[in-house]
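The following pair of complexes shares a single chain, chain A, combined with chain B in the former and chain C in the latter.
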Partner chain A sequence: MEFWVELVASILLVTGATFAFIGSLGLAKLPDFYTRLHGPTKATTLGMGCLLIASMILVTYWQGYLSVHELLITLFLLITAPVTAYMLAKTAMHHKLQILEKTTDKTLSKRAAERMTP
Partner chain B sequence: MQTKPRFRFLPSPLHSLLLFTVWLLLNNTLAPGHLVLAAFFAITIPLLTSGMQDPHPRFHRPLLALRYVLRVLGDIVIANFEVAILVIRPSKHLNPAFVAIPLSITHDLPITLLASTVSLTPGTVSAEISEDNKWLYVHVLNLMDKDALITLIKQRYEKPLMEIFECSI
Partner chain C sequence: MNLLWVVLLPLIGTLVPLFTERFGRNICAFCVALLPAWSLILVLMYAPDIFNGQAIRQTIEWIPAIGLEVSFRLDGLSLLFLLLILGIGLLVILYARYYLSLKDSMSRFYVYLMLFMAAMVGIVTSNNLIQLWMFWELTSISSFLLISFWSHKSEARKGARMALTVTGAGGLALLAGLLLIGRIVGSYDLDTVLASSDIIHAHAAYPVALILVLLGAFTKSAQFPFHFWLPHAMAAPTPVSAYLHSATMVKAGIFLMARFYPVLAGTDLWFIIVSLTGLTTLLLGAYIALFKHDLKGLLAYSTISHLGLITLLLGLNSPLAAVAAIFHIINHATFKASLFMAAGIIDHESGSRDMRQLNGLWQYMPYTATLAIVAALAMAGVPLLNGFLSKEMFFAETLNQSVLGSLSWTIPLLAVIGAAFSVAYSLRFIHDVFFNGQPVDLPKTPQEPPRYVRIPVEILVALCLLVGIFPAFVVGDLLHIASFAVLDHTVPVHNLAIWHGLNLPLLMSFMAMVGGVILYYNRRHLFEFQSHFDTTDAKHIFERTIQSLVKAAESITNTLENGSLQRYVFTLLLCTLVMGGLPLIELTQNSGTRASIPLDGVTIVCALLMIFSAVATVIWHRRRFLALIFLSVVGLIVSLTFAKFSAPDLALTQLSVEIVTIILLLLALFFLPQSSLKESSNRRLSVDLLVAGLIGCVIGTLCYAMLTTPLNTMSDFFIANSKTGGGGTNVVNVILVDFRGFDTLGEIIVLGIAALGIFKLIANMRIAIPARDDKGRAWSNDPHPMMLEVVSQSLLPLALLVSAYIFLRGHNMPGGGFIAGLITSVAIIQQYIAHGVQWIKPRVTIDYQWIIASGILIATATGLGSWLFGQAFLSTWFDYFSLPWIGKFELASAMLFDLGVYLTVVGAVMLILANLGKLTTSERLDIQENN
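And now, the complex of A and B:
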């Protein structure tokens, strides 16, 4: 029993860590500000999710009571990640940050910054 | 369509339920003392804040909402894999784009939910809403087909949200 619990938890931990790493890698590697936003909003969500499930399983197993704190962290993460991305994108458009040359419909960002219809 | 307090001492039952659950989750307990405290917060906080609330469409069809949440959670996992692959591949294959999506959905709360879902799921981040609430600007990491993306977002995410909140077109 203990072996299986630890096996599942370690698989989740490794997967979670990999996704969190890929999210951060995206932040460092992708070419412009807007593409960099995608790393932390997506890859990191699943990474954190895996880590939190692993934590739930381990704490529940070791402590002997059901640990549900982690669900709350997931909830807050899912609420805050899109809002942060939205605020960052909005700020970037107002600062007229450089957009990658090959981006399709680049001019839309100017319309968006003024909150006009396209 | 707008919420009217049905019970005087419980202006927003859903918020009360949410506060009750979140307090118990925060403390990770079902001890009687915390149950009483959670009930106290669940009753007093909505009473104190009911005056500050904007009217928003009433929440219909909880089962459909549950299905929507589960679908979005599944899509988050898929989107994570897709973005992970895009990040690892050389950036020269990327095909980023700005897309304006016409919205049929109205009211602030459903639009916020749609924008958040779009940020979390299919390789898109919502960037701005036009002033008349008719267009949602999104940034796409790797655009394949603009019309397909717009249809996907409208069919898969906007339609169920409209049914949940019963927004008329």
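And now, the complex of A and C:
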């Protein structure tokens, strides 16, 4: 039994760590602010979710009762991460940060720019 | 009967004018007079016992544990002074009723007067040194108020300030002297002190105590060289001059010398200081008085001169001189008070006090003139009037002394000269004012005053005559018992009679009369001689001295507090370095015996990160936003450190405080320039760096030494007693709400006050709101995006739930009111950020001040609640209950206390942040609206 639990937890841990690493790598390597924003907000959030589920399984198994506060943490993460990303992107647009040419969807950004300028 | 009431009645009387003013002036004056009259009757009821040689005492315990008590005594000396204070006080109340014009606030005058009367009564009846001093200071303050009664006049304000400064400084000297006497004797009880004459005389500190007490007495009684304030105090309304500056307050110094006569007098030091001061004052006052053109100025200097005479008598080494001094106290009070009142009438009816204008008033007011002339003759010492008797006793005593050794013969000579001047200025008062031609340019045509205003003068002049003609019958007994008290129960034989036969004192009186007439007759030569001197106004010298003192104080303050925060911090750290660093040099080893905890990778990484962020904050401190981010990293790692080293409460608190601080700094940043110029020179930077580095070394060493020392503190006690005594397993929380609950109560009160102070500072602040950021970009026109709004709003109940959970579990698990309060505050601030003040304002209408107040009240009431159960303040109660569905749970009064803490924290944080936030919007408090 213990083996199976630990196997599932390990898979989740490794997956989570991989996602977190990819997120960090993206933050470091991607060329402009908008693309870099994807790393920590998407990949890392997913990674954190995996890690928290692993923690939940292990703690539940060891303590003998259902541990749910990891779910709460996940919930908070899932609420806050998109809002943070949104606010950051909005600020970047306000500051008119350089956008990679190939990522630009001209109609959308134009409309946004019209809305933003006072 | 109760001695306390003698003091209490005039004190209660200070309230009477406030309630009776609306019923008109007559009723007001009548009601004001009632209580002192009652007090006087009480005193008179005691009088038979006093005349039998008793002294009445009454003591009320105040704080027995430290020997504080309210203590009164009534003996002959007190009786004499009480009769003067209350008797003349009543006459002054009547006089002031007619003297004050309709423009003057009568109730204000009477309030001050009654306060002064109560203070004087307190001085003469106190049986405790400190209590006596307290009343002494009260006379200084109330006399300040009385002198500055016409506060629209510059001279009144200056005179009052001068009187307060001089008498107040003397009061401090007196306090020092009394404390010294108290230390020598070992008691502040006057009875004990008066009985320990030998101990005091033998003590090495006797000269110091004597000089300090005499400084107090001399300043109060306007003795040379402190006499200069009295003439300037004449800016007061005349009833005040008649009461304070002739009969009572200036006599307080004399009273003090008489009161301490048994213990302080009897040594050469006393005789030399007191007699020479008295003699100088006597001569100086009498001389200057002659040249004063102002009626009240003449009387003021004459008062100084007579006070000098009494002081001189107290300084002559014979008991009979003390009897003469007491006799002259009575006589001077009667004739000088009546003279002041007469001067007031003249001023009132003719509109001038200048003797160069006032001439020939006899034709206009013969009745008042008669009264004034009799009083002035008493002042001159003419036979059949009271002044003559005490002056003759004075001459007799100057012949019987040996104070100055072989030079003692000069004293009678100088006394006669002083008396001659006294006759001369009395003559001038009579001749210049009432005869000597016609009035010159008077503003009003003089006439007789109203009937009632003359009554006080008539009574006093009648007393002058009665005492002058039937001395033994009228004042013999009073003088005897007063001397009985002053001379420690051995009164020398004295004979109060008009005629003692042809003797030397009578001859001296005669010489003084003749000399005075000659002096007055040749006054033009004297005036001419006097006009060659520079007349320096003491007021200007005094003001100049005070101004230069203020300037010096200002320049010292400005040097110390130049407004540079860098410098304050630098000084503070330097002091810390010296005080904290020096003892460390004596510490030979800086590590204790405790084994260190093994290092691990996470700790090292965190520590390095923290060090890097701290250094980075310093390096990029001019790029404020960046510095703030580094600072928050430091705070976060500190919180994590707390969590790692098993201090979850601290970690939670630190985290919440960190969030609140960063929001606060962000708000402040809004008003600050986005980047600042380099302001410090390199030299300054290197010095600062050096000090900061040294401080770091000292603190680091201290921390290392502390952390490696095995723990053997009182934490063990807390850990052992937390569950059994406080009912909680979270030791930190039990310490906060139970073991050290009183500390917490104090802290939340400080927190509340600080928040209110900050609110007051920022509420009406008008800082320019920057329209653009540093790169010239306008602010976003969408500051509250809908996504943030919706998510924040939905997070609010969750956050409040978390805060309630943290609060409830606080007693047994990490948490508690403080942390819960911070979490709630952060949740509410989140709404402010997401929605803006405009959205919040109509939705949250709670006043944060009320939250603070109710928090403190709940905490205090919880503490007081334990009194109901006969327990000490802030004792906690707890018990376990069980309910169906919920199960067993604990109820503790500490939880209610914690609720108070919670509310105060929420109120304080919100009051500061919400109002600082409001400053950045158009929702700032409006001044009009606020008032």
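Following the convention adopted for this analysis, the second predicted complex is superposed on the first by the 105 of 118 C-alpha atoms of A that agree within 3 Å, B and C clash if a C-alpha of one lies under 4 Å from a C-alpha of the other, contacts with A are read in each partner's own complex, and residues count from 1 in each chain.
Operating definition for what follows: a residue touches a chain if its C-beta (ideal position, glycine included) is under 8 Å from a C-beta of that chain, and two chains touch if they have at least 3 such contacts.
Just so it is clear, the model here is predicted, and its values are computed rather than measured.
K.L.:
Which partner does A:69 contact after superposing on A: first (chain B), second (chain C), both, neither?
P.N.:
A:69: touches chain B, not chain C.
K.L.:
Looking only at chain A, is it chain B or chain C that touches more of its residues?
P.N.:
Of chain B and chain C, more residues of chain A lie in contact with B.
K.L.:
Applying the document's definition of touch, where does A:95 land relative to chain B and chain C: first, second, both, or neither?
P.N.:
Touch status of A:95: second partner only.
K.L.:
Contact-wise, after the overlay, does A:86 reach chain B, chain C, both or neither (first, second, both, neither)?
P.N.:
In the superposed model, A:86 contacts both chain B and chain C.
K.L.:
Scan A:34 for contacts with chain B and chain C and give back first, second, both or neither.
P.N.:
In the superposition, A:34 contacts chain B only.
K.L.:
Once the structures are superposed on A, label A:78 by its partner contacts, choosing first (chain B), second (chain C), both or neither.
P.N.:
First partner only.
K.L.:
For chain A, which residues lie in the overlap of the chain B contacts and the chain C contacts?
P.N.:
Common interface on chain A, chain B vs chain C: 79, 82-83, 86, 90, 115-116, 118.
K.L.:
For chain A, which residues count as touching chain B in their complex?
P.N.:
19, 22-23, 25-26, 29-32, 34-35, 37-39, 41-43, 45-46, 49, 67-69, 71-72, 78-79, 81-83, 85-86, 89-90, 93, 100, 102-106, 108-109, 111-113, 115-118
K.L.:
Spell out the residues on chain C that touch chain A in their complex, using ranges where they run on.
P.N.:
777-778, 780-782, 785, 787-788, 791, 794-795
K.L.:
For chain B, which residues are in contact with chain A within the complex?
P.N.:
Going through chain B, the ones touching chain A are 22, 25-26, 28, 76-77, 79-80, 83-84, 86-88, 91, 94-100, 115-117, 119-120, 123, 125-132, 134-135, 137, 139, 141, 143, 146.
K.L.:
In the complex, go through chain A and note every residue touching chain C.
P.N.:
Counting only chain A, the residues touching chain C are 79-80, 82-83, 86-87, 90, 94-95, 115-116, 118.
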